[in-house]
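Naming follows writing order (A, B, C and D), and every chain is counted from residue 1.
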Amino acid sequence: MDSCLGIITTGDIDFNFGVLCNHRPVYMLPFGGRYRLVDFAISNMVNHNLSTIALYTGEKINSTMDHLGNGEPWDLNRRFSGLFLFAPMVEKDQGIPLGDISQFCSTEEFFNRVKEENILVRHPNYLAKVNLTEAYKYFIDSEADITLIYHKSKDTEGKLVNCNKMYLDEESNLIDIGINLGTEETFNHFIRMAFLKKDVFLRLVKESREKGDPKFLIDAISQYRGKLKINAYEFKGHVESIKDLKSYYDANLNLLKEDVSKEVFYEGGQVFTKTKDEPSTYYTDESNVENSLVANGCIIKGKVENSIIFRGVKVGENAIVKNSIIMQKTQIQDGAIVVNSIIDKSATISEKVNIAGSSAMPYIVERYRHITND
Amino acid sequence: MDSCLGIITTGDIDFNFGVLCNHRPVYMLPFGGRYRLVDFAISNMVNHNLSTIALYTGEKINSTMDHLGNGEPWDLNRRFSGLFLFAPMVEKDQGIPLGDISQFCSTEEFFNRVKEENILVRHPNYLAKVNLTEAYKYFIDSEADITLIYHKSKDTEGKLVNCNKMYLDEESNLIDIGINLGTEETFNHFIRMAFLKKDVFLRLVKESREKGDPKFLIDAISQYRGKLKINAYEFKGHVESIKDLKSYYDANLNLLKEDVSKEVFYEGGQVFTKTKDEPSTYYTDESNVENSLVANGCIIKGKVENSIIFRGVKVGENAIVKNSIIMQKTQIQDGAIVVNSIIDKSATISEKVNIAGSSAMPYIVERYRHITND
Amino acid sequence: MDDKVVAMLLAGGQGSRLKTLTSKIAKPAVPFGGKYRIIDYALSNATNSGIRDIGILTQYKPFLLNSHIGIGSSWDFDRTFGGLKILPPFTSEDGGRWYTGTANAIYENIDFIDNLAPEYVLILSGDHIYKMNYQHLLDVHKENNANVTISVLEVPWEDTSRFGIINVDRDKRIIEFEEKPENAKNNMASMGIYMFNWKDLREYLIKDNEDENSSNDFGKNILPKMLDDGKRMYAWVFEDYWKDVGTIRSYWEANMDLLDEKNTLNLYDRDWRIYTKNKNLPPQHIAKNSIIKNSLVNEACDVKGEVKNSVLFSNIVIEKDAKINNSVILSNCVIRSGAEVNNAVILEDITIEVGSKIGTKNDDNIYLVSDEGILIE
Amino acid sequence: MDDKVVAMLLAGGQGSRLKTLTSKIAKPAVPFGGKYRIIDYALSNATNSGIRDIGILTQYKPFLLNSHIGIGSSWDFDRTFGGLKILPPFTSEDGGRWYTGTANAIYENIDFIDNLAPEYVLILSGDHIYKMNYQHLLDVHKENNANVTISVLEVPWEDTSRFGIINVDRDKRIIEFEEKPENAKNNMASMGIYMFNWKDLREYLIKDNEDENSSNDFGKNILPKMLDDGKRMYAWVFEDYWKDVGTIRSYWEANMDLLDEKNTLNLYDRDWRIYTKNKNLPPQHIAKNSIIKNSLVNEACDVKGEVKNSVLFSNIVIEKDAKINNSVILSNCVIRSGAEVNNAVILEDITIEVGSKIGTKNDDNIYLVSDEGILIE
């Protein structure tokens, strides 16, 4: 895959995540005990030997710079390729223009400079450990201009309403692409990941920019069906589409299923992230932990069940944590009870405080908050 | 200086530099053949063992990230300290607020986290190779809350009008600080560099933010005279205040004076910058170079006089470059004549084209431009 | 640190009393405490003490140690100027020379130290587990205007015959060395941590090298010689946790010590972290109906059985109905269903088969399990 | 590269014919071309060819080489996984062993290569100046389904007795080796660059190590043995610039070659850069009334005199009225006013005093100037 460039483009959906995204873009959401969402996209690409990766950052760029820095955890701290971060370009008097097309345009020089002739574009809020080597081979062998990656998703509960739905002919060429409204249980779910020839990409981007419309690459692709050879590659693994609080919560708890965590964490390459030098986790004599993922650096004295515990969390004596996501360095003090909740980092739930959300909508505690009974 | 944090804060004066600052903040202006302005501030601090340095970036952040990246050229790619970049925090519906006070406020967490108890604040558009170890010792020994660094500047030509002028008592305590209008030839020129106790810094910043005014730290300091122990340390070396095109041009050409280049480049520590792996510069049999600074990777076939030549520049046969600044990878083709000009990077001056500015106002060519006779 | 200190870390030890634990690696590379290697303690102490330049003297089976240390980035030693250098033996016109003793290893690298031009040289060993701020040692060294300052600690009287014992006057100035004395006058033992003025050390290294009868050792040659010459030599008493894991039993004990919440070797102290090469593994998974009590568990473990009073390294599978007690299990082991493991140290990549049993809950033995079988100590 | 290649770079050579140039450093560390060291060519070729893993075999006076290479970041080899490793000799239970020959150096590091699990191993030498895309060598190797492919080049017939000569059939399959033959059948010489299948090489290294009569050398032992066994061995002809700077004269010549604009070792080729440890020095200053013609000048030079047909390294002062002709001047030299230097190689940190004169414009000698005086060749 020497000749493929990786692009991570980011949607404008921060507002779907309430206080969790007050200070971070969606792709920086903590996930799976010690990661950020974006780690999965980057690691997947690195594991398939992409050596140049560009991330179009959100507006709240400081957390991104701190986490990704020079790309060292992904071995992307290279002199001649590696990780490139592009902050949104502000237009005079207009703020940041809508959509990713204008951002691609403003960094045209970068695309001209890199040697790679093909591009993989993906959205970091879709979690899918695609065998990119195989998918790329399909893209190259089929001599397509664009190969879209999709998943045959079954959705009985309407969780995937408003996702992209694709219609394909027998040879997997794209007929049409639209919005899933749930008329069929199983549909071809476009997971916002695509290979494009670089010249095709640049043509789409420039023509769309000149016309002023569409604003998003994905819409541009859909407008060019018929004019270009666009086909599709089926991904058969586990997909998460993280588009709001509920899907974020569910995607985390899905990791407690053994087959899901095997695929996400172990098969087809490691997931890399910034390391923190935490010691092992210590379980006291009184601890009682079941069906949970626990990161390092925790001290667990109480009861933890069906939960995701991030690095450096403390769960006090007789405290109970159930069906919850507890982020980095948060303290659940003695006797506190936390059920169906998401507690952002460095928060404190004081002694004997009870908090509980419903499984349909978790209770959220903002970072650095100190929740007391008063 | 283990206990001193370095802060580089940036002014809002991009518009004084015309096309040179269309795509970069002032502190990213190329300087001295292979550097950027900000390199001098960072290197000076590193040479005096400051190990945590924060740069408040301009809005056009991409060139900053590319150049400073992880801080490697300054050995600031550290795990537990090193270089921190803070992009301007955008306020909802209001854009970026005026002044550096609000930016310091938005990163209060950083100041709380670092161990250092004192702060050196400086502006990168003031070039001054201060012996910071000595100045810091003065600040500590005099038990001041704030020590301002100044230079006894002589200005007969009015070049320093509108710079900050200070009045001091015999013990170098601050009496007043204002604007130089040129009423005296020699005055105490505050070079926008100061040591502050961290708690004093945080108090100034927070109180000013609450009152809504002043917007800039320097104005806040001036308002607190009398209330705090504020004294001054005299810097006796070479100062450049780069505030517009003309002062930028002059500051570059001043490097052709042997005593200036000795001080700026050699004495009191090296200047570090991102390296480029250019080979040595090659001079042909026909070349004719006098009184110029030439960086590596150039091929000089023509005549170069009183000029600053950046890395990878080509000067063609019979071409003439005089009193000019030629930036990275620009080509001056055969027979072209360039006098009193600043040519930004990767431009091309075609064969036999003549361009010339005046010494009072150099002629500017934007980056990537191709200047022909047609 | 204000004055320049270069640390020289002796990491060539074979550690043969650790048996199969050191059959493929040097003692400093032995895994410890759930995720570390022994050398991490000395390296992290150096970083946390503000030391910027460190030379690692290697000789015996250095592969794993080299790849563990890498470019030193885990300890923030990957500097453009100075930083960490691994210093193996080398050849010159006169042919190659292996390091013949602790002092000789430093002697052969005089050029390395001269290049860094330090005021002080700190000699460390990569064999011990402790947390120490070397800045304190330097402060005392400077206060005393000493030529050398040795870090010492109180050992049980019955152990004095295993150590280099140091006798001092009331100002802690050293008046006598006793190398493994049968009847010690004192129970203050040298920890093998020396702060030298480089000028002094340099001179004595050169003299020592010229002496054909010398065994080129700090404890046996350099230090006694300096004492004979009336140099100012001081002791500094260290009072925190320190362990030389010289045997399998002491190795097992030191790991078990970590389970004691009152142990001063507090791994959770954020102001004095122990750094190590990070493997970037996923979180541990604790299954339904599993039991974990008083144990340290590292990343990528999958616990479905019972774990009590034990230290689990990374990527270990404890199957359903397996029972682990009072044991140290190194990375990548699998304990199959129904197996029972007591008082054991299990080396990397071992599978304990279904239903097998090692030790009993109350016996006094330590079992070292490697692919060469089980050693009982 | 698609298939995994590990490069092993032999950098232990003493290079004694280079006299004072190598009195303190190994030959691969000798400065060359205004800002490089000889080993930069092989290292940069490896990086530019897409090789990710490289082992550097050192033995002789490795200090400067070690600090030059550092963590390999100049060549982008400072990787978290794999990357560059310096491989000095080491000890095991059986005691220490120095590398006894080129093949033995690789044999002793079989574990290192096995860990990386490559398909191919590329043997390189750090002694030569050339630009080569090793991918081409691999392509030919794979096309021929070869066990080993050797890079060869045409040498003048009169020089054949100094080289290992390789005789091939019309398909470039090797049929005979002649080690420094008096009457060569051919003028194709081995460049000491071998692409092996690791499986094959591994087998032969082990066999060779068991053979007590072997001198453990690729050219003398491993390759002839493989030929005897009927292995598929091919030659690949390299047709660009290549120089083994074995003597002071050839060293001087190779530097002078760079001043020829038609030289194919184009330093300005941005697609095949030569990387080196960067010193971060200021630009060069060319003063009023100075003269520079047909010369390469590096950073931080201050030229006030006359420089013609010369290569100036960094931080050199040429005072007013000093004259430099046809010379190579290494870093940090000062040529005082009125001095004249012709056909010289001046080592680092030398000052040529006021009015002194080395060589004459038309003589045929090369003058090697070091702090031990002037050697004439």
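Simple rule for what comes next: a residue touches a chain if its C-beta (ideal position, glycine included) is under 8 Å from a C-beta of that chain, and two chains touch if they have at least 3 such contacts.
The UniProt protein names, listed by chain, are A, B = Glucose-1-phosphate adenylyltransferase subunit GlgD.
For clarity, every value in this text was computed on a predicted model and none was experimentally measured.
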Relative to subunit D, chain with the most remote C-alpha centre: A
Inter-centroid spacing, subunit D versus subunit C (mean Cα positions, whole Å): 40
Whole-Å gap separating subunit A and subunit D, where each centre is the average of the chain's CA atoms: 47
Residues of subunit C whose C-beta touches two or more other chains: 73, 78
Set of subunit B residues in contact with two or more other chains: 72-73, 77
Pairwise touch network: line, ring, star, complete, or other: complete
Touch list for subunit A against partner subunit B, complex: 59, 61-62, 65, 69-70, 72, 77, 85-87, 89-90, 95, 107
Contact footprint of subunit C on subunit A as seen in their complex: 32-34, 72-73, 256, 258, 261, 265-266, 270-273, 275, 277, 279-285, 287, 289-297, 299, 304, 308-309
Residue ranges of subunit C touching subunit B (in the complex, touch as defined): 2, 50, 73, 76, 78-81
Subunit B contact footprint on subunit D (complex, rising order): 33-35, 73-74, 259, 261, 267-268, 273-276, 278, 280-290, 292-300, 311-312
Subunit D-touching residues of subunit A, taken from the complex the two chains share: 2, 72-73, 75, 77-80
